[in-house]
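Per-chain residue numbering starts at 1, and chain names A, B and C are given in the order in which the chains are listed.
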Amino acid sequence: MNITRLFTAHRRPLLVGFLILLMAFVFTFPLYGGAYPTRVLTTMLMYTVLAVSWVMFSGTTGYMSLAPAAFFGIGIYSTALLQHYLPFPVIIIVGGLISFALAVLLGLVTLRLKGIYFTIFSFGLVVFIGNTVNYVEADIFGRHGWYFDALDRATLLYAMLGLAVVTVLAAYFISRSRLGLAMQSIGGNEEAAEHMGVNTTRIKVLTFAISAIFMGAAGVILAPSLSYSNPSIAFSVTYSFIPIVAAVFGGMGQLHGPVIGALVFGFLEKTLRAQLLTYFMLGFGIIMVVVILFLPNGLVGLASMLRDRLGGVISKVRNGSDGEQHANT
Amino acid sequence: MRILECQGVTKFFGGLAAVSNVDFHVDQGEIVGLIGPNGAGKTTLFNLVAGTFPLSSGEIKFKGRKLSGLKPHRICQMGIARTFQETKVFANMPVLQNVLVGAFFGTPTHVSGAAAAREATQSLEFVGLSAMGATPISDLTLANQKRVEVARALATKPELLLLDELMAGLTPTEVGEAMELVTRIRDKGITVVMVEHVMKAIMGVSGRVMVLHHGEKLAEGTCNEISCNKTVIDVYLGKESNAGS
Amino acid sequence: MAEVERLLGLSMIGILAGGVYGLLAVGLSLQIGVCRVLNITHGEFLMLGGVLTFTLAGLGINPLLAPVIIGPLLFGIGFLLQATLFKRIKVRAPSPAAFEGNALLAAFGVMYIISYLARLRFGTRALPSQYLTEGVPFVGINLAVNLIVGFAIAAAVGIAVYLFLTRSRLGRAIRATAEDQPTAELMGVNTNTVLALCFGLGALLAGIAGTLISMRTPVTTAMGFNNTVIALIVVTLGGLGSVPGSFIAGIIIGVASMLVAGLWESVLIVPVYYAMLMVLLLARPTGIFGKK
């Protein structure tokens, strides 16, 4: 699978239409959906934010980050610590900024080295941050775990929707921008990019940090719906794994790939009871392996491939000859 | 004017000296050929000039300014561009985007989208590929991919262009076209240093030639001087003169 | 003085425990260095080693003998993983960078597969697998026999691996493949087999490490992840491709963990590792003994 394919949504009307439909659906949902379905939808949107922001960096530059869970957990803890002191919108920003700062620090140390070190660091980062928070929480604050003030379900849903829209739009505009071009050049051939004037370290750190903002913000918004959290709940590698499987499954070459994957997997993760969840985590693992092996471009790529094939078949039948038209995607 | 000066340039990898105490200079407007057997250190020398890795010892100056410690992107923005022996195009982009990268980032000052697009289009035209802008680069032949590399390098508005085995794998016709391209580049005012194994191309286009062998400078001079140089012939040219490419 | 004694004692435990970490890291180093796969599943093989040791002990098989059965089994799984999964990914990848990325993602998936399969079979509770827990007095504290035996076995296996890699023909083939696979292939090395062998060997070493650790602490099906993190840290610290480096780094990590746990808080162990790693990477990106 070529994971560094051009990351542009070249079907602009489709994207805009999809977003509008999504927003309309979600806006009205709390009116007819119950409490639990609303939470499910919020979770689905959360995974969308995580998946899209993961692809923003790892999908374009090719540097595999396993860190989303770490930034997500920081977001949860931002809410835990600040919920009594700051209004919710401000906490969202603060959580995003702390994640940004941490990502910059991590990036500066590891992104100037070979990609393998970055990946290694990002892998254990969730344990690193989680343990540090655990220590600070237990030894300095003398407590274990936090309870969250309940926030109106609809508010949380709208906040997550807003974040999801912002994330998708950010990913879209970045991919069309100078920064996006630089990122893709790094993914294409980092050495060549560096020699064509791209400050690869700076671009990598910046992009990684930007993606971390959204991950942190997602954690902030999800937190109140958890009602309780402690370090092992907040910092769980599953919050890295599910978005990544979702992105890979959906297809990383297009913007709607991670979105679709995240909605599907987020739904599954939230709606399955604990017993079945074990089987489905197992299933996610199998899906990951199968997709890497056989569906190089994920579901979206499969759809394109089918469309090409069908298009070819149909025009063959039409023309009745071997003039096969290549269906453009 | 000496646009590039190398003094005592040495690079060790572990215990092995890939480049050893090389002195040479390039004057503005020249086309200088760099030849030598495989493993002689030619690409390593290019890498040292372009900043891919640091010198072990010695000094490289570009327009009088020392290059040591500068990162490749800075060196590119200062005016040195290069192509690569194993073609390093951005396989995940169409042709125009490849060149756009150079246009956007290769200059020290900020470039507007429109200006970069103009520059990239002109670059593609210059190498004769303007029809292929939207084509995915992996669909191109090797020869054309190399041209895109050249266009990309030219889009960075260099004063010095390092071409690494531009002609490798090309048919004789394509070699002729490439030679003509190099001459046109020089006519634009860009100084060229080219590593080549295709003798016909080097001799046909270069003003001066330097020969490297085992990382050391073996000889330097005009094409005639080099082709008559006994040491060079013994070491290198003798095998090559009948080869052709 | 009592404090110094305690620190010495803790350090000794750290050294002994670190030997096992070193062995674990050697296995991972082989997989990363030769197969170019960042095998984040490595800890799961350690977990399997530990859990299977416990299971076999329940059937009356001495934990020290368990590797005889578990070893080949895990070797086989590792061998197959490389020969089927990672080889296919390599073949289909458009570039080495794409391969490494895809292999990593696939390993992520395999990690979940192994971990949750084990969870389905063995549950999530801690399994009392300890063995040889009698203590030997040393400078004011008791050293468990399982620590000493664990270190001895880890060291012995480590030396064997080192000799194998440096002295044997197959070892040379492995090093050639790690250096430059296409050239090695041209020189007659069956690199596909070499890669599968290395991956299997890595899994085997992880399994042995699992057995040794199971003698010290209870095992759980969730223990894989944290041990993968440790293995990655040790490999980075010690430098890829160096067996002595892995062991020395393992010992450093072992000592660090005991000192942090003893003087400070055990939750801070991993943060301290990370701090050490960050400092090291800033100064010496190739690790203590690293080559590339």
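Keep this in mind: a residue touches a chain if its C-beta (ideal position, glycine included) is under 8 Å from a C-beta of that chain, and two chains touch if they have at least 3 such contacts.
Just so we're clear, the structure is a prediction, and the values are computed from it rather than from any experiment.
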item	value
Furthest chain, CA centroid comparison against chain B	C
Chain occupying the most central position, where position means C-alpha average	A
Distance between chain centroids, defined by C-alpha means - chain A, chain B (Å)	41
Distance between the centres, which are taken as Cα means, of chain C and chain B, whole angstrom	46
For chain A paired with chain C, centre-to-centre distance based on mean C-alpha positions, whole Å	31
Interface hub residues of chain C, defined as touching at least two other chains	94-95
Residue numbers of chain B (touch at least two other chains)	91
Contacts with two or more other chains, residues of chain A listed in rising order	2, 4
For the chain A and chain B complex, residues of the former touching the latter	2, 4-6, 178, 181-182, 184-185, 187-189, 191-200
Of chain B, residues touching chain A in the complex	50, 52, 71-73, 76-77, 81-82, 84, 88-94, 97, 100-102, 104-107, 113, 152-153, 156
Chain C-facing residues of chain A, complex	1-4, 58, 62, 64, 66, 109-110, 113-117, 119-121, 123-125, 127-128, 131-132, 134-135, 138-139, 237, 241, 244-245, 248, 278-279, 281-282, 284-289, 292-293, 296
Residues of chain C touching chain A in the complex	32, 38, 40, 85, 88-89, 92-95, 97-98, 100-102, 104-106, 108-113, 116-117, 119-120, 225-226, 228-229, 232-233, 235-236, 265, 267-271, 273-274, 277-278, 281-282, 285
